[in-house]
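Below, each structure is written out as structure tokens.
One chain, subunit A, links the two complexes that follow: it is found with subunit B in the first and with subunit C in the second.
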Partner chain A sequence: MDFSASFLLVMPELVLTAAGLILLLAAAWGGDKAARGISIVASLVFFAVGLMLVPSLHTGVDGPDTLAFGGLLKIDTFALFAKALIYLAAIACLVVAPAFFNGPAAGEERGMRAEYPVLILFAALGMSIMVSANDFMTLYLGLELNSLASYVLASILRKDQRSAEAGLKYFVLGALASGILLYGMSLLYGFTGGTDFASVRAGLDGELSIGQLFGLIFVLSGLAFKIAAVPFHMWTPDVYEGAPTPVTMFFSTAPKVAAVALTARVVFEVFGGQVAAWQQIVMFTALASIVFGALGAIGQDNLKRLLAYSSINNIGFILLGLAVANAAGASAMLVYLFIYVVMSLGSFTALLMLRDEDGDLYETFADIRGLAVTRPVIAWMLLVQMFSLAGIPPLLGFYSKFVIFQATVEAGLVAFAAIAIAASVIGAFYYIKFIKVMFFDDAVDLVKGKSGSGHWVLLILTGVIVSPLGYLITGSLKDLTDKAAAALFVAV
Partner chain B sequence: MDFPILTTMMLVPLAGAILCLITGGGAARVIALASTLATFALGVVLWVNYEIGGPQWQFQESLDLFDGFTYALGIDGISLLLIMLSVFLMPICILASWDAIQKRVGEYMSAFLFMEVLMIGTFAAQDLFLFYIFFEAGLIPMYLIIGVWGGDNRIYASYKFFLYTLIGSVLMLIAMFWMVATAGTSDIPTLMQYEFDTGAQTWLWLAFFASFAVKVPMWPFHTWLPDAHVQAPTAGSVILAGVLLKLGGYGFIRFSLPMFPDASADFAWFVFALSMVAVIYTSLVALVQEDMKKLIAYSSVAHMAIVTVGLFSFNVQGLEGAMLIMLSHGLVSGALFLCVGVIYDRLHTREIARYGGLSINMPYYALFFLLFTMASIGLPGTSGFVGEFLSLAGIYQTSSLVALICTTGIILGAAYMLYLYRRVAFGDQKNADAAAMGDIRPREWAMMVPIAAVVLWMGVYPESFLAPMRADIAVLDAQISAAAPASDAELAPGTPRDAAANAIEFDSSEGEH
Partner chain C sequence: MIETLAFYLFAGLVIAGGAMVIMSRNPVHSVLWLILAFFNAAGLMVLVGAEFIAMLLVIVYVGAVAVLFLFVVMMLDIDFAAMRAGFVKNFPLGIAIAVILLAELGLGIGAYGAGGLELGAADGTAAARSDVSNIEAIGALLYKPYIILFEIAGIILLVAMIGAIVLTHREPKPGARGRQDIGKQISRRPEDATVMKSPEYGEGVEL
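On to the complex of A and B.
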């Protein structure tokens, strides 16, 4: 494969890089006043880059043609699907940001910074590399690019103590996780003699040696940290609560997609010959995430913290699909990921709309009592999202659990599925608490702030997708994820 | 049938629900009434066009809209009658809420209309997963109805209702996945013919039982019911008792029995045991209740126990009886909740002791209340009698012990209902405010008269209701009778005598004296 073909394959990444650099210059010259303009340009870039993916996503690509730069990157349908999802989430996080930062009472330190869209661009670029990595070196490169941008994003409100704390916490623990991952990679390199996925896989053939097993476990632990799966989840609630809400929304969507896709690629392409070695690890992590995510959420009073636990819970279900260890499970996992992203965007958008006259956010249950009377549209949309997150039919969240459990049961893991689904009922408890507070309690009428039109569009759009109407797209969605999942299992 | 009448029956209330949500206020009441009446009219058309003795599944529709399952609808006689029950009760529920609900009327009416869509969908679904979706989705509107418009302790009741029912159903979903993976189809009629491995049937039966036993509800899974009933608004109780409880019985008759006949037979005595406890225990509990709604809620558990006993008696009488009790109980307990609602609207208390001597100042009310009380007891001539008689006749063929205990329950039923009626309608007018209440108004007449008419119709000429389902029950019976549990009533046929038993021995040789 010649070089130009490789460049053609990574065209989206090239465009993102160029756009990121140019917009960074614009931010430096234009200052924070240019923030809105830069946001708009960045969204358009994401949109354009997303469009580039459509033709190959439609036909489906896999096999040797998808390898770029001598096998450093692999741009198959799986990577394309993940990238499309990441870009969509990034656009949403750009759309909601200006209205959040530039509230009526926002001063110098609260206002939107021009670096915000640029950092999102670089983070998304890192994620693009992550999901198409075919070598541990590119994997780490993408991961760190994404992480570094994310650390800064978490503390972008410099004068806000909670934001600074979130950024620091995220950085320290993230660096630790990167270290663990790197250590695992070096072990694998030492015991197999390669960094590209194919040769590591070949080196892992047969009985695993102790060193190889340690490498595998360290790599999985590092990845589990990045996707916030139990027992490496402890940073999530603090970071989610402290980071500015649009950033939290970003954290709970795009990087999740990237890290989950990366994990799937690593377990299937690198450890694909050693399913027995990792399957039980993933199973444990999945069940533990479902249970701890649900139990941890019960006592929470802060809505962002609660959604952080909810994301841990959801990661559990996503890992359930991974634990099935076949194409059907991977496809179900991608369906779940898509629906999870939509539900997260919807619920965080709704949280972003809970503002007082000054534009400051309300974040606790006590503030949204009786919302159904005072702000019925927000309350109903939040109701739809919450029932959907709880997996109650006829909302689309049920379909996501449906495909996961179907794949699990068809693979013969019936007891495993039964335990997981019973644990999911615990989760329903705190989701319906939202409904209870908004619909059953007497109104306090605190939420009076106006919301931007971007918020309304996103709120209604995600609401419609999650509503029963969303089932009409399940046919084409499943086709797409089947293709994407199949690409993971094509030997190159 | 080309016209998709089942889909139309679901679209009409759905459109009404959306309209109610948008308009709100008083207009919502009219929209809700109009759309439920239109749905009822469609239901009548459905019944008239239903071909008795025709193909087993009629009005079938199928559209391949979704991934993983099909939008397939169709009904047999059993579904038809339960759909009719739902669409018949719905306009009455709207009327019952006409004045009682004053806050957030639009949302209330639309919750009820959504409920109607889901109930019709549950009874008409021909795809296993479609059934589950409709079955489970009912949690959302009911949770809101109890939580927003319920009584003082509504939050606790709504949580309990939601979580209790959810945990029952999720295990059924896992079983459904297993069934579909094994049988290779999610089509209900096909699955009803599929023979699952006997060992697997046990687990599948238990998983389905977890869901349906909570819905029915069977003792000891009934504890959510008194809470939910007491806290729900009147119309919510009517729908809960009238239709939602029937989902459990429908589940047994549609899934557990035909799909897992062997396991059903193995577990028959388990069901009998729970039902016998329920009949006696909940009847005794009902006897000491001070709250009218709670009393009727406990009586529901007792009546539904007779249903489960009839279902698992594995013969035609038992099955038909169980179906008729379900229909009759849907009407009668619904009507009893309406009767409570009528006086609750006036005095705002459900405490039995606050009333008394109502037959003096509310004679027509007392008349209707008496009729429904008698129907609940199972007086011949009312709908309650036919179902209970058939059901007990059915169980008597399987076990005389179960029949004996369940019949005792009927006697206890008479005790608590008559005791309730005496305290409310007869005796002295102890409370001045209760004595000053006016008799039922035209709107309340419009609620009571149709139910009373059907209760009498079903009691006097049950054939109208038996005919549509006779063939389906026969098919079901043929399918499960091979697995029927051993009966203690199989008498060995003796040789017939030569002469009548009372013939006097007569020796012709003695001649005349």
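On to the complex of A and C.
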């Protein structure tokens, strides 16, 4: 094993670790007064490590050269693409955080904690490890690093009862899911004799024994919990509603990318020889997520809760791309993932801008009645995001659904695509409810608070990407995701 | 022969202990059953020749984690008088468990002396090296091929520590009683705090 080559491959992770440790010291000495400065430095670090990924992303890397530390990690184009997305989402969540935590929305405990950006850094480090895992042990450690940081982030407003409840709920259910995943991994290890993906795959040759099948199902169940797919989605609305909004924004973007990328890697690289065994499971969770996400959102009045159901619905479409089980499907899945992250960031930023004069946040439909009259820019941007989430052309959300359906139909799974399209029509109902409330109801003029320039930049930027102008980048995006998806199928 | 017998005894008791953990109504009993399950798992490890892991199970899980659990459980509202009332009734069960543990001890030592359990030959990299001790073999793996995982585990523990402090540490209000300023304490000189007086006999002290 060549250590220097390995260290070069994991340079982004090393930089993140070093930055996390140094900023932790800064947080310890500077106290919460330094929180803003630490946030800015952390965003710059994310930007810098993101830039480090660009050269290899541009050329595309796969094969044996991407293995680090004797095959424990695999830094191929697929991992790089996911990492870039994770870092971008993390920057956005750092940008919106200070205004929220320093405002009255933070409740009794006003003032941003200096540990918030440090925890985001370590969570992103865990996600980087997750997406480049090539061994079940690496997978589990990355997942736990990410999860532990997430539990703390969810309950960081410890005097707020909802936040504490969200953190506890997430912790208990997350620990249960980790246990299920770990049990599945131990079964696979026991029945195949290896923990690295290649040897587990070799051991799963031919007819699956009952123990191997249990291992496969348990691993998939644990991962399904982490990406909040039906039937392991019950925690999502509660946690999303209770957690502080910037943290909810983080949960619905970066960890989703990491967990989806991890799932894709596991099903293709570990269970790649057993497509028939997992395809029906993934297909079932995909369709169930689409349907439940669409139906569950209908009665919701809280906007954060509604977006939680929307994320379950979107995960369904992402899994539909995965269930196609070929490179075209994986590429479509990555396209959808990118556009989903942009739409999520945009809609949560808009939610974070619904403030009253004191800066407190509004969270229900009743508060945004007639927003188009009083705050037209926010209303129009929300309109763009919601139409895009509903998949209405000519917005970019249509393109993402289109590539998924195209891959599904080309693989001959027409019936499944038809169910998904029917369910997405149901889902359009509550997205359009936003529009109805904002544009056609009598104005209540509650939203009066000002928002910082960071929010405006994020709102406009995500709005522009999702708008028809976004089609300009689809060419290079498709190119990139094709390379990333192809890297999954290169045998090492 | 004795190995097989010991294996089934240990394995059976792990499962029975595990079942009792979730079935007993009293949380204190649950923790005690959990300790029994840990002990038997350690016995299984001895049987397959992993003495070091057996030791870790006893020291870390039984010694630290289970006792910690017990402390947490003690904080629950439990009627201890009602519990003690059952002492005579439960005495036979306690004796039975003690006898089983003693028998296990004998069987375990006997089985270990007889050469341990053969679980089929592991091949390739998974095979245990016969020429080195348990601890050496674990060290050679942990600090060489898996060093990066070891480091990640370290980061995870750090994050757990940060989390515990973030969620529980409360900065005392400035000027609150009992607030300690270590720098101020250390920089205090004797001459600032004490005065030497030699009062005359029969007179008071002017301070």
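In the analysis below, the second predicted complex is superposed on the first by the 486 of 492 C-alpha atoms of A that agree within 3 Å, B and C clash if a C-alpha of one lies under 4 Å from a C-alpha of the other, contacts with A are read in each partner's own complex, and residues count from 1 in each chain.
Here, a residue touches a chain if its C-beta (ideal position, glycine included) is under 8 Å from a C-beta of that chain, and two chains touch if they have at least 3 such contacts.
Just so it is clear, the model here is predicted, and its values are computed rather than measured.
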Touched partner set for A:387, first subunit B, second subunit C, both or neither: first
Contacts of A:277 with subunit B and subunit C, given as first, second, both or neither: neither
First, second, both or neither for A:444, with subunit B first and subunit C second: neither
Touching partner for A:69 - first (subunit B), second (subunit C), both, neither: second
First (subunit B), second (subunit C), both or neither touched by A:460: neither
Subunit B versus subunit C as contact partner of A:377, first or second or both or neither: neither
Touched partner set for A:158, first subunit B, second subunit C, both or neither: second
Subunit B versus subunit C as contact partner of A:24, first or second or both or neither: second
Interfacial residue positions of subunit B with respect to subunit A in the complex: 65-68, 104, 107, 129, 132-134, 136-137, 139-140, 143-144, 147-148, 154-155, 158-159, 162-163, 166-167, 170-171, 173-174, 177-178, 180-181
Of subunit A, residues touching subunit B in the complex: 372-373, 387, 392-394, 398-399, 402-403, 405-406, 408-410, 414, 417-418, 421-422, 424-425, 428-429, 432, 435-436, 439-440, 471-472, 474-475, 477-478
Subunit A contact footprint on subunit C (complex, rising order): 122-124, 126, 145-149, 152-153, 155-156, 158-160, 162-163, 165-167
Subunit A residues within the subunit C interface of the complex: 1, 6, 10, 17, 24, 68-70, 72-73, 113, 115, 118-119, 122, 125, 129, 137-138, 141-142, 144-145, 148-149, 151-152, 155-156, 158, 167, 193-194
